[in-house]
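Okay, got some structures for you below.
In the two complexes that follow, subunit A is the common piece, with subunit B as its partner first and subunit C second.
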Partner chain A sequence: MAANPKVEAVGRDLRSGEEYRLIGTAFRRVDGRAKVTGRTQFADDLDFPRMAYVKLVRSTVPHARIRNIDLSAALAMDGVLGTLVGAELPDKFGILPVSEDEHALAVDTVRFVGDPVAAVAAVSEDIAHEAALAVKVEYELLPSISSFDEALRTPEPQMHDYADDGNIHKKVSLKFGDVEEGFEEADMILEDTCYFEGNTHLAMEQHSAVGVPEDAGRVTVYSSTQTPHYVHRALTKVLGLPASRIRVVACSNGGGFGGKSDPFNHEMVVAKLALKLGRPCKVTLTREEVFYCHRGRHPVLMHLKTGFKEDGSITSQHLRTALDGGAFGSYGVASTYYTGALQTTTYRIPNYWFEGARAFTNKPPCGPKRGHGTPQPRFAFEVHLDKAAHHLGIDPAELRLRNLQPPDSVTANWLRIGLIELRECIEAVVRGSGWKERYGKLPEGRGLGLACGAYLCGAGLPIYWNHMPQSGVQIKLDRSGCVAVFCGETEIGQGSDSVLAAIVAEVLGIELEDIRLCVGDTDLTPVDLGSYSSRVTMMVGHAAMQAAERARDIIARAVAAQLRVSETELVFADRRVFPAGDPDDGLDFSAAVVAAEARYGTLGTTGSYIPPRAPGRYRGAGVGPSPTYSYSAAVVEVEVDPQTGVYDCRHVWMAHDIGQAINPVLALGQIEGSIYMGLGEAMMEEQVFRRLPKKLSAALVHKMPSLLEYKSPGFHDMPGITSYMIESRDERAPMGAKEVGQGPLLPIMPAVVNAIFDAVGVRVDQVPATPELILKGLEAKARGRPARVGPTRFPRVDYGTPVEVPTPEQGGDGRARHDPKHRGLRSASGTMKDRDEALKERRSATLTTA
Partner chain B sequence: MATATALPTGFTAAVLRVNGDEYPVVFPTHHTLLEVLREQCGLTGTKHGCELGECGACAVRVDGEAVLSCLKLAVEVRDSEVETVEGLQDGNELHPLQRAFADFGAAQCGYCTPGILMVANALLDRNDDPEDAEIYEALSGNLCRCTGYHRIVTAVRWAGAMARGDDWRPPEEDFHGADSQAPHAERSG
Partner chain C sequence: MLRLPPLEFRAPTSLDEALASLEGGGANGAGRVRLVAGGTDLWPNMKRRHQQAGTVVSLMSIDELRRIEQTARGLTIGSTVTLTGVLRNPAVRDRYPGFARAVAAISSPPLRNMGTLGGNLCVDTRCTYYNQTEEWRRSIDYCMKEQGTICWVATNSPRCWAHSASDAAPMLCALGARLKLVSSAGEREIPLADLYRDDGIDYLGMRPGEILTEVTVPNDADSEHCRSAFWKLRRRGSIDFSVLSVAVALWMDKHNAVSRAAVYLGAVGSSPVAVDTAEELLVGKTIDEDLIAAVARQARKDATPMSNTDFVPAWRGKMAEHYTHAALCEAAGLPVRRQAPKHGLTVV
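Right, the complex of A and B next:
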């Protein structure tokens, strides 16, 4: 088909300030009925004839070489169909190409209690369980590492030979601007050491996957995954099959929060067993096993040093982080960068030095949890700012307002900031909470705390280097008037199906009921990278808009010819297509599709999205860029019992810079869910371990791998919530809509501890801020000692020679100083230069594929 | 029980009554009601989160009472009426609880939803106009990781109102967000 003539006036210009018809209304989510009737099919709800049940045999020791695996007793049991060991799947996988360090089943070495060693398949789950217990594994114990400090002290034996330095997996040192000079200009220099304990996603659904052998040597894997495309890639590598013979279907996830974003060993195992046994094979993890899968929040120790002028403006900042990564790479390299990358997005930091390091430890691997690497340094920064405000005698809200990063700017670390409504957010929560009248003036035991945050609207780069679309949407229309929308996106509860359907319906002027979705299926749907980094609304939304606009243009051309009117007069609304001046003259939507189908044949369109290229060109610049950022501000009110340290959150005021809510009820649900999860992290949640006594193997074991013992907030723990959505459409985002799934979590943890300080004068520089810690602070205060609890030292880490990058203000070009000639990485899809040239030809940052 | 001798040791045969339907099933005697509902009856609407009675995802009603089906053996309910989420709707019409949950964002991922719906259903059958505190109390054994709980409590109130024919609905702020220009108002917390 010839290039589409631009049909300017068809529908409306959705990027302008015009009213939307469906976008912004509180419609019932498209999967709402299925979710309340029990019809939503989660992975464990699937059942196939002849299906076998799989159990994994997991390591009981934290670090050991496997001497022998004896499967004979298991294989002798009635009903056991087969087994699998690591040697049968020797190829490694992992979410990041730089750290493919996982085996489907341990090959020589186990690295944490819970690391899978073997798998058994049986005709029933009971028999599989018994058989797994009957597998005997002999281990030769190796020394194990329980913390960052131990990893630093124990370079040998290395857990993974690709680590940067001993058992320090990754080291980063990035210096932007003249940090030392910035400190010299400061009137006050503040230093803080803070700690953020690890915690886990605790999605209600336990991970589950079913492998199904198909005709012609193909295999299908149904899984509770947030990232079917990445699982597809990992399976291709591990099974040694062409990608075209593997199909991955992402079932609706019963909650993800980042915990189902990695390709997992159990997915590899059921695929291989399905091919080996010629039967469908299902694995569903127990709750205990979910704690071993983990990939949750990294425990991070942080040291923050910031220079301030008397008026509160920031002159320089030096941030050091130490991450306890667990046994594998997972997303850890990205997590390490993220503990520094977004620090510059909220307030202007002219000179910035970030040093980060991640250690390997013999514990379940950490990875991305809601906010991925950002909540920890955000916590430190916002607590630090609260202290700075006190020292300088400036109101904490005012201090933040004075430092706001300007819109349409580039930060010292070369992130391009778009629309920023943080001022409005701060003002809304200040007004709503009565901050000016109440902060510092509430009776002893009650207090207010304020904090802010910012988050990505989609990571700018894909996980593996390529220049292809990061999201694709395909639309099929026919004479029925039904619009079928195909997209690889994954519904994890956040409402991605509803976002996709609503955007297509809005553009075509039809109802949600006219749309049929096919999502998260690597055979049937165009690639979307998955539900992570708050990328879905931005990227799926852009691709959906493009596909829908192309469909609209084709229909408009046919209708214009049939009605003998100009295309530019046509309006798509109320399931009709009609001339703006003569609404009665139009066609029903299905009749309009008939006109187009008759004229142009079978109808189909596609849409794609690639984020614009970010200006940073230094090594590490790939983590942090996003098409735009969302902003949040929160005020939390607490009441602390000074006798016990027990405290309640009484109320949370949260304002979120959302651009445009696609559906305000779903958006508010994301804000409330983020507040809830943030309060859990602030007050109680911790994924922690203990070493068993020597006589009991000295293993490092999870303290509480159960839903009851891992404390998370219940119905009674929730405070009142007032949520403000600051709607100011961002032209970088589809329909103007920014993310809302992760950003509002960020201010909660620091706002809670800032409120505790206002209530009882105790600084709690770590989370969870437990009553025991507060009590310790109160006791210190009573004895006239500093009323501060938290870490007191930061380890000596050799972060290596810093990569020095001149800032935009210094006239830099985004490259590091003394950078050896930047050749550009080459992938199967070309180099970045190739991509830039291809995009230039199309004169658009949105790749077109018509 | 003419065929009882044909049954292998460790298995039980029974006709379970679920949502008014009869399910003739054979199952391992030690299996829980949760397992038999999902695996023998094909009623996968009832979910599992822990299988230890910690999360409430598996709640169903047995003779009207909300119970955790993971802590109940199927053999214990042979003479009982079991109700699950699949039986909540009336024909093809959603129950008021289902309508309220779907329209008010009280179900996000929807995994904890069936259990919560069944507990709330038992509550509303006892009292169709519960105070918030009663709703909190009734649902205190259920965990949800997505919503932050408020929408669940309010949806239960809304459903109660719908069932009573009362036109109460949640405040507008819960549909569109609070007015960011509004000054501070004292709240009860």
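Right, the complex of A and C next:
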């Protein structure tokens, strides 16, 4: 790639008005100074008196019954304080209520190399390490499964008894509209088999957690987690303590990317050991252990069949996916649905059939990584479209423009689409890259590729079904003029603290320095579900706006009374509250708070958010809905050496439909970070495993659990980037701001392989697209064979009887055919109807403070 | 994080003291006393427990090992001169550009600031079944190189195929560098190429108790007399070990015919691999495309890429031919036709 990458230009298209003061400016992030000066306390920086160091003993076999755990040698070592085994924590946990299949420490079975079996605590990390090596575990081996195909062939023994079918964890078949008829109408039917290799998050910070015993049998867990609320729930279950006796504090995360969104074994272990030993207990994972926690991108094999009319319009699509899930459920059920759910959000697909299945295998569990389940089918679709464009003789950009999903529409699978600026995105990168003049016309070895994507702005439903807010914010104001904001959100580097503070500051007309944040603490802050599914700006933003507006209203009432003006005349700006017509007549913000406190007593407001209900009513409709969606388009330029297959990405043009950038510099960081991560997945990253010859060994190990050998690009490898933020405020989002954390990743992988095709005429239908694959394609081409590399077969999977759902166009009501029982859907906190009512009430709730 | 086992650490200030510490320990045998210079290889290996030691003797406080001197025979570099120190030396940069490029291609700036030339020449052979933690290696029941019995790369093989990892080694072999090895019993000087053995376990022909003190790059290998080139294949533009390297040195006579030639391959054997026929094919001839192609074909045959590092072996084999071709073209002053890949062109 370009040796000295430079960001060439940043196009910002400010089409919407600029009435905000702080929002939309490049303000300094509120945690920036602490981070660059080393003052931020990450979990591993925490230190408590009498703290013990914990090390997990992990399985060295892929699948086995535990015969015996011999802790004697470890316990005999000087400095060892105690141990823990699975029998001491028999209750299972797991992020999804439908797949609570994990033990804090294996109880009788281990399911992959790296599965935790025991824990030791010692006075130093060195001793803990030696003691862990001294623990002897005897295993009775069970047959192991290394791939989706093997799982299909090996229904017994079952890795988990709750699986849908043998070792197939989950099967889904959803059919929207008349798929067969759609194919009959088509002038051309295209079929493709594509593969997306698994890869991992590679956050710089390794997971770390500290358990601290507190008075009265309470315990606090500090952790590098993206989801303190879900960790809290899991701890409640595993420790068998009431939730009120457990406190979870999310420390700043040194990156998460989805890898810290599950509750983890090590968090359960330090909590239990802290209670057992009566000492603070800390665990910090090694890089290798992080590879075992994983929850990264599922390896997915896909088969895509699409019908096109001569003019390029899509008549029907049938997508089949096969996910290699690893040893546990994790988010797998959601991941499986996500390999099909967002397929309909970019281009109009009138009839759509999605079939997905996830297998259990004896490898670290896969889960959500940036884009969660969506990058794989998006890759297949965008490559598929590139081929369709070639067959139909339509420019690939034009083909996409012709098929755009209209705004304010409902897709065939019942997703409600909000504002969609994909056209502007495509046009921006087409213009920027000189696509029209250069595509298909560059010299041999150079090429351009285009692709698009769409992503959620927050998952519509929470992980466990309930009707409570998905995000809450409390604001405390007092005579100091300081505004304290409490929220359960977690800063994972994406800038969520800054977004929260900026929204409150904007509404109250104060500065960021006037705000104190207290976040990610289950004792002190209202629940926010966590930093995942690009939900924070949307949901925390809405809650923060509501809480801040309520605070503003109270202050306005008091100030209006004092100044004898009308509330509606008052302006909050420059740390003052004043009548619009007579700015000199106002009060300083702190004086305004004093006025309100004197009049109404101690001041506090709350805000909360529940996403609107999505129109889908069929089983599975819960995955995919979002208040609105973000869109991206990218063009990638590559240079390929036809003799070796070695290639470089020379430049990336990326346009993102962001609604409104709360802070354009932070947003740019997310765009560039997504491009970086996408290039890693496109070019080299793979979480792959090694089986030794079966007659000599039962081993099934991670091939390279290290930062050196798991290849991910460095800055040398970054190309130049030109980013465009398409700003067009979406009324569904707070201040119009859509997500930017995940969407821009999606187009990169397909754009790279599409560019390789333009450069050397080789189709690489899988990622990572390595030089050896490209060379193989070139060699095939030279021998007159099809210049295509990638998977050639798709396994025969019985996905079960499809759930048939009439589309909106067919006059459907969002329900599946023959599904009368759906009306009865009920959770612990009520039916869907109750939820709608709750939502209505909350919207109209009046202030209680006054 | 990964932790070191308990050990005794010594930092002698003189060579004699260091030699005395080695006595009875067998520094490079299976003994428990080991030398360390920059530690960029030894410490990670000890943390992962595939190299063990009860005592580690550091050479970094011995001043006499840290000099670079021009002598009548050539440029003599002390074994604990850091790689950055080598690169900053004007004589190295001006007179031995191929060597400078090989050193600049080693790992990354922080590693080069710590790593030494001596450590680089003695660096342990590598294999993805071996450079793993204790726990990981337990999962495969270890391998022949350490504690186990089977070589997982070639299960019927009686030997270990771990690959040579040094980038300086093939280049300095091609340039005809010589080493000084000192022990309590005396000292000896050998050609660098004689240091290596084609065995992944017993890869160094050093005797117990010996310390490598200096490396001499001969004057007749400098840019006035010799044209050199170094190409490195790796996944990324920095940090990565070679999965293949090609070092070329060509000496021309007045008539522009080759008078001496050396081509060495790195990372495709347990030692630097000499492409012996290069000398046969080239000497006495004026270099041209056909000759280069013939040597490149030979290089592909001599390379033994195994499945123990990044990239698939078959492709690395093909690359041995392409890279040898490119390196020879570069050294001979012929145009290099292919896109410059990531072979570490950045010279600091």
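Throughout what follows, the second predicted complex is superposed on the first by the 812 of 850 C-alpha atoms of A that agree within 3 Å, B and C clash if a C-alpha of one lies under 4 Å from a C-alpha of the other, contacts with A are read in each partner's own complex, and residues count from 1 in each chain.
Keep this in mind: a residue touches a chain if its C-beta (ideal position, glycine included) is under 8 Å from a C-beta of that chain, and two chains touch if they have at least 3 such contacts.
Computed from a predicted model, the values in this text were never measured in an experiment.
With both structures placed on the common chain, the touch criterion links A:673 to subunit B but leaves subunit C unconnected. Residue contacts after overlaying the shared chain place A:434 against subunit B, while subunit C stays out of touching range. The partner of subunit A that touches more of its residues, comparing subunit B with subunit C, is B.
Within the superposed three-chain model, A:756 lies out of touch with both subunit B and subunit C [touch as defined at top].
Of the two partner chains, subunit B and subunit C are each touched by A:286. Residue contacts after overlaying the shared chain place A:711 against subunit C, while subunit B stays out of touching range. In the superposition on chain A, A:202 contacts subunit B only, with no contact to subunit C.
Applying the stated contact rule after C-alpha superposition, one finds that A:771 touches subunit C and leaves subunit B untouched. In the superposed model, A:250 makes contact with neither subunit B nor subunit C.
Once chain A of one complex is fitted onto chain A of the other, the partner contacts of A:719 are limited to subunit B, with no touch recorded for subunit C.
Common to the subunit B and subunit C contact sets on subunit A are residues 126, 206, 286, 706, 708, 714, 716. Here subunit A touches subunit C in the complex through residues 1, 3, 58, 60-61, 113, 125-126, 129-130, 133, 206, 284, 286, 288, 445, 639, 641, 643-646, 648, 684, 692-693, 696-697, 699, 701-706, 708-709, 711, 713-714, 716-717, 770-772, 775, going by the rule given at the top.
Those residues of subunit C that touch subunit A in the shared complex are 1-6, 49, 128, 131-136, 138-141, 150, 152, 155, 235-241, 310-312, 314-315, 318-319, 322, 337-339, 341-342, 345-346.
Subunit A makes touch with subunit B in their complex at residues 26, 28-29, 31-42, 44-45, 47, 124, 126, 201-206, 252-257, 286-287, 424, 427-428, 431-434, 437-438, 492-495, 650-651, 655, 661, 664-669, 672-677, 706-708, 712, 714-716, 718-726. Put simply, subunit B touches subunit A in their complex at residues 28, 38, 42-52, 54-55, 57, 84-86, 88-89, 94, 97-99, 101-105, 107-114, 117, 136, 139-140, 142-153, 173-184, 187-189.
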